[in-house]
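Shared between the two complexes below is chain A, which pairs with chain B and chain C, respectively.
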Partner chain A sequence: MNLLEIKNLKMDFGKDAGALRAIDDVSLAIGEGETVCLVGESGCGKTVTALSIGKLVPTPPAHYVDGEILLNGRDVLKMSSRQLREIRGGVVSYVFQEPGAALNPVFRIGNQIKESLKLHRPDLGAPGTASARSGMARHRAGAVPGAPSRRKALDAEVIRLLKLVGIPAPESRLRNYPFEMSGGMQQRVMIAMALASEPKLLVADEPTTALDVTIQAQILDLLSDLKQRLGMAILLITHNLGIVGDMADRVAVMYAGQIVELSPARELLRRPLHPYTRALMASVPKLRGDADRLSAIPGNVPRIGNFPPGCRFAPRCPMAKPECSSKNPDLVEVETGRFVRCPFWKTE
Partner chain B sequence: MWSYVIKRLLHMVPLLLGVSLLTFLLMALSPGNFFTALQQNPQVSPETVARLKAQFHLDQPWYVQYVFWFKNVLSGNFGYSMAYHIPATTLIVQRLWNTFLLSFAAMVVAWAVAVPLGVWAAVKKDSWVDHACSFIAFVGLSIPDVLLSLLALWFAAATGWFPVGGAQSPLYDFMPPAQQFWDRVHHLLLPALVLAASSLAGIMRQMRSNLLDTLRAEYVTAARARGLGEGWVVYKHALRNAINPLLTIFGYSLANLLSGAFIVENIMAWPGLGRLTMEAFFAKDSYLVVDSVVMATALLVAGNFIADLLLAWSDPRIRLK
Partner chain C sequence: MKLNMDAATPTPTAETQTALSPWQLFRRRLRRRKIAMTGGVILVFLYLAALFAGFIAPYDYQRQDRARFFHPPIWPRWEHFRLVVPRYEKLPGDFVYREVPNDTRPLHFFIRGDKYRLFGLIPASLHLFGTGDTNYPVYLLGTDQFGRCVFSRLLYGSQISLSIGVIGILLSFSFGMIIGGIAGYFAGATDTVLMRLCELIMSIPALYLIISLRGTFPPGMSSAQVYAMIVVILSFIGWAGMARVIRGMALSLREQPFVLAARALGQTHLKVIARHILPNTFSYVIVAATLNVPYYILGEVVLSFLGVGIQEPNASWGNMLTAAQNTEYLKNFPWLLAPGAAIFVTVLAFNFLGDGLRDAADTKAQ
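Up next, the complex of A and B:
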């Protein structure tokens, strides 16, 4: 059984006549310890797909039409709010794009991390569970809230987490406010906070977009290092294909609310099949090249609710044929593990 | 922190000097003085009037009066009221207490009602609760204090449930303490409600829109994503951030209450500082006017100062090292 299995997910914003389909028939599975990248331009539905895993898109305006999201075999979309609160953090944790906005500005970072600890690891520092610090195992009973030993244990755990994400002198950072830290440090705190609840799946939504390039590399290194050490799965959302090669086991490429190509990362980078993926790869500027212009995909991303009939990429596709604009092709497995939503994928 | 407090207090000095100077100038520019009416009286000899004027330095130009006043202020003497024949400070302190009581009661009512209503309206956005609150706010903002005061007086007179004006009954001094307390509350209720009504609407709308803003913030989504319960997310993470702008408004609302109190006091015959200033101004009781205005200014500045301190206490980003 896969850790996460999204099956034929369809989600609208709005209802009835005014409904706009944001996610259209998306299926995606992530195994334990696997890293999957979700790639696509802004507005293609990456973020709402990722937020849907924890059912974090407010409903309304969002409205799940069809499909299921199985997390550990249980459908997230059918969970009660109590069950949802348990899986949020407990099974799936999030790291967001802008750490400065995702950390609450008026609370000390230590206290924000402790919120997750108190919620998801109530056994921490409780008598008789000395192993609680390191183990993934949970003993839910026997918590003594507010006991001094518990406070010490919480502090120690926060310090351990901050150390884990590479924050120097974590003891002195505990009482810092978010605005007292740099963007890179803030993102490390976000990661520490995500790890605090010991999730099985870490969803990182463009975790490096808001950071400088050197810090980006550090954060990505940290993520792959943590993945190795903690054995969790990662869903990494990005619009940067450069990241894919470094991090991903598999890649899903999204366009206009649909997955257009799903493939092992290495094969996708070596030989992209879908015309959109090819165009994306071609538009990555190369260090050594004689082109004096950036190659870009002609046209614009279709706006939600205004998708073209037939294949959604057809109007911008260099190899579009007349029949492309009449029927939207299905996502088909063309080679082992490689899915493409284009019947003409063989065309060079 | 303390140096900041001291600096802010020192900033008050030139401000108060300027306000007092301006008040003297404006008083001098308007025709006549306290003894003008007395001069018309044929039974009073011109010598007597001249003596009285000299006693209060009214025969001198306004800047000389100011210098006399200022010298006395430095030795703690704020001058005499010419109408009441007692030190101006004694009068002001008595009246100030009434104004303070009125403003404080109005503020407690306004905030105690507005903040929960605003939160409620934001959490239940677009529900009937939200619409009802919007409507109340709309009405509250549209009706001027003057009209509302008159309506309240009419209401008190028509129903007889509330005293029409004043701060206490004529027999107040002969009542037992419990009855005295009730008498004051009874007199306070209507003016306080009128005064609260105008600021209530603004605070409520502000609270609602602040909370709606913070509920959309990414840290709120992040808090939900950690599995925190909805109540905790709204009342701890969102509300705590939504409160900050309100603390600034708190300072302004203090200012608003004082100016609002000015109108309400005059119409509803509440013996406060605003009414005293008004009476003193019409009687041209110049030292009393200056002292009242200086006092009101000091209150305003103090209100803003308190708001700044509260803001620094609540928001670590602007806390001073």
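Up next, the complex of A and C:
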């Protein structure tokens, strides 16, 4: 059984006549400990798909039409709000794009991490729990001698987490306000918050977009390192194909609310099949090469609710044929593990 | 901004090297506003005086001196290197008094006198000053129509008038923040219903609402009940305005990523409101609260002045002013206006402090 299985998810914004389909028939599975990248241009539905895993898209305006999201075999879309609160953080944690805005400006970062601990780790330093449990917590927290009060145990755990995400001098840092930290440090705090609840799946929604390039590399290294050590699965959302090769086991490419290509990362990078993926890869600037202009995909992602008939990429596709604008092709497995939503994938 | 500050206040480098918390910055900016600090210091004195009213007041607020109605203020003076209090004698006619020359008693400090309860609990009889002789009273602000010491009553009255503002604000602001937070956070239908309710309350002229609400309470209530009633009535009117502002702030805060982040951690709606929405409105709330305390003090004054508030013989600034309605009294016994002066000073102090707090909290106003 996969950790996460999204099956034929269809989601609208609005209802009835005014409904706009934001996610159209998206299926995606993530196994335990696997890293999947979700790639696509802005506005193609990546974030909405990711937030749906925790049912975090506000309903209304969102409206789930069809499909299911199985997390540990249970359908998230059918959960009560209490069950939802348990899986949020408990099974799936989020790291967002702008760490500066995702941290509450009026709280010290230590307290924000503690919020996560209090919600999902009631065992920490709880009075009267079995000694084995508190002993384990103490061991993880780096051994506080004597019977630690809950407060001490929480502090120790926060320090352990801050160390884990590579924040120097965590003992003094936990008393910092978010604005006293740099963007990279803030993002590390966000990751520490996400890890505090010991999730099985970490959803990182463009975690490096707001950071400068050197910090980006550090954060990505941190994520792969944590994945190795903690064995959690990662769903990494990005519009940067450069990241994909370093991180991903598999890649899902989204376009206009649909997955257009799903493939093991290595093969996708070596030989992209869908014309959209090819165009995306062509627009990554190369270090060597004589092109003095960056190549770009002409046109824009069609606005939601204004999708062209037939293949949604057809109007921008360099290899479009007349029949492309009449029928939207299905996502077909063309080689083992490789799915493509284009009948002309063999065309060079 | 940072450079300016360092130039203005040459602080040790150790302090300036670490980043200041928002709270430290706020205090630093506040400390530079002299008027606001003056207001704050005055308020500290007023509230301390209210707290220790029984000790500072030389007499009980109920004590009547039947020989001295409408007595003018009696002040101690220096004589032979000590403070002495002169004796006055009553002349024929309406409330005319004259000082008797060379007949004084020394003023004593920490002297036993009328019994009172400190903080309403501890029985005590020690007073800050007095003569210990009923024939030589110290009426710093004269006496009223029943021969009661106005200064003592002013102090006892301040316990009611000053605390009503603070308790009223606490009540109405917490209620307003909860309602406003819920309305703004959930938006949609919840918001519509709650805000129409606020508008309903705000659309009724406050004074009519106060008086009609007062009518719903039975007559002959104890003074504690009346006090609670006044607080409830004033808060009932006051929460709506606060709720509207908080709702507006919550509407914008709910879109902040940190709210989504808290939801993604599995936090409940109510805790998101309590932990993430409302604390971000505090800088506004503290300022608004300070600026609004005077309305509650004045509200009590209005109620008591109209005779539906604190009842005699209990003292409040409002019902003490009732005695000063009569122009004839005002002309002959101007010391009866003392509670008016006290209200004036208190309201002004709150406004100065509130203005200073607002400026200090506003990071753009440098």
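Throughout what follows, the second predicted complex is superposed on the first by the 326 of 348 C-alpha atoms of A that agree within 3 Å, B and C clash if a C-alpha of one lies under 4 Å from a C-alpha of the other, contacts with A are read in each partner's own complex, and residues count from 1 in each chain.
The criterion applied here is as follows: a residue touches a chain if its C-beta (ideal position, glycine included) is under 8 Å from a C-beta of that chain, and two chains touch if they have at least 3 such contacts.
On a predicted model such as this, the values are computed, not experimentally measured, just so you know.
**Student:** After the overlay on chain A, what do you see for chain B versus chain C, clash or fit?
**Tutor:** They clash.
**Student:** Regarding the shared-chain residue A:D75, is it in contact with chain B (first), chain C (second), both, or neither?
**Tutor:** In the superposition, A:D75 contacts neither chain B nor chain C.
**Student:** Of the two partner chains, chain B (first) and chain C (second), which one does A:R88 touch, if any: first, second, both, or neither?
**Tutor:** After superposing on A, A:R88 lies in contact with both chain B and chain C.
**Student:** Overlap the chain B and chain C contact sets on chain A and report the shared residues.
**Tutor:** The answer is residues 54, 56, 84-90, 93-94, 96, 98, 101-107, 115-116, 119-120, 177, 179, 190, 193, 197 of chain A.
**Student:** Please name which positions on chain A make contact with chain C in the complex.
**Tutor:** By the definition above, chain A touches chain C via 54, 56, 84-90, 93-94, 96-98, 101-107, 115-116, 119-120, 177, 179-180, 190, 193, 197.
**Student:** Going by the contact rule at the top, pick out the chain C residues touching chain A in the complex.
**Tutor:** Touching chain A: residues 19, 21-22, 256-258, 260-268, 275-276, 279-280, 282 of chain C.
**Student:** Note which residues of chain A are touching chain B in the complex, please.
**Tutor:** 51, 54, 56, 81, 84-90, 93-94, 96, 98, 101-107, 115-116, 119-120, 177, 179, 190, 193, 197
**Student:** Quick check on the complex: what are the chain B residues that touch chain A?
**Tutor:** Touching chain A from chain B are residues 217-219, 221-230, 237, 240-241, 244, 314-317.
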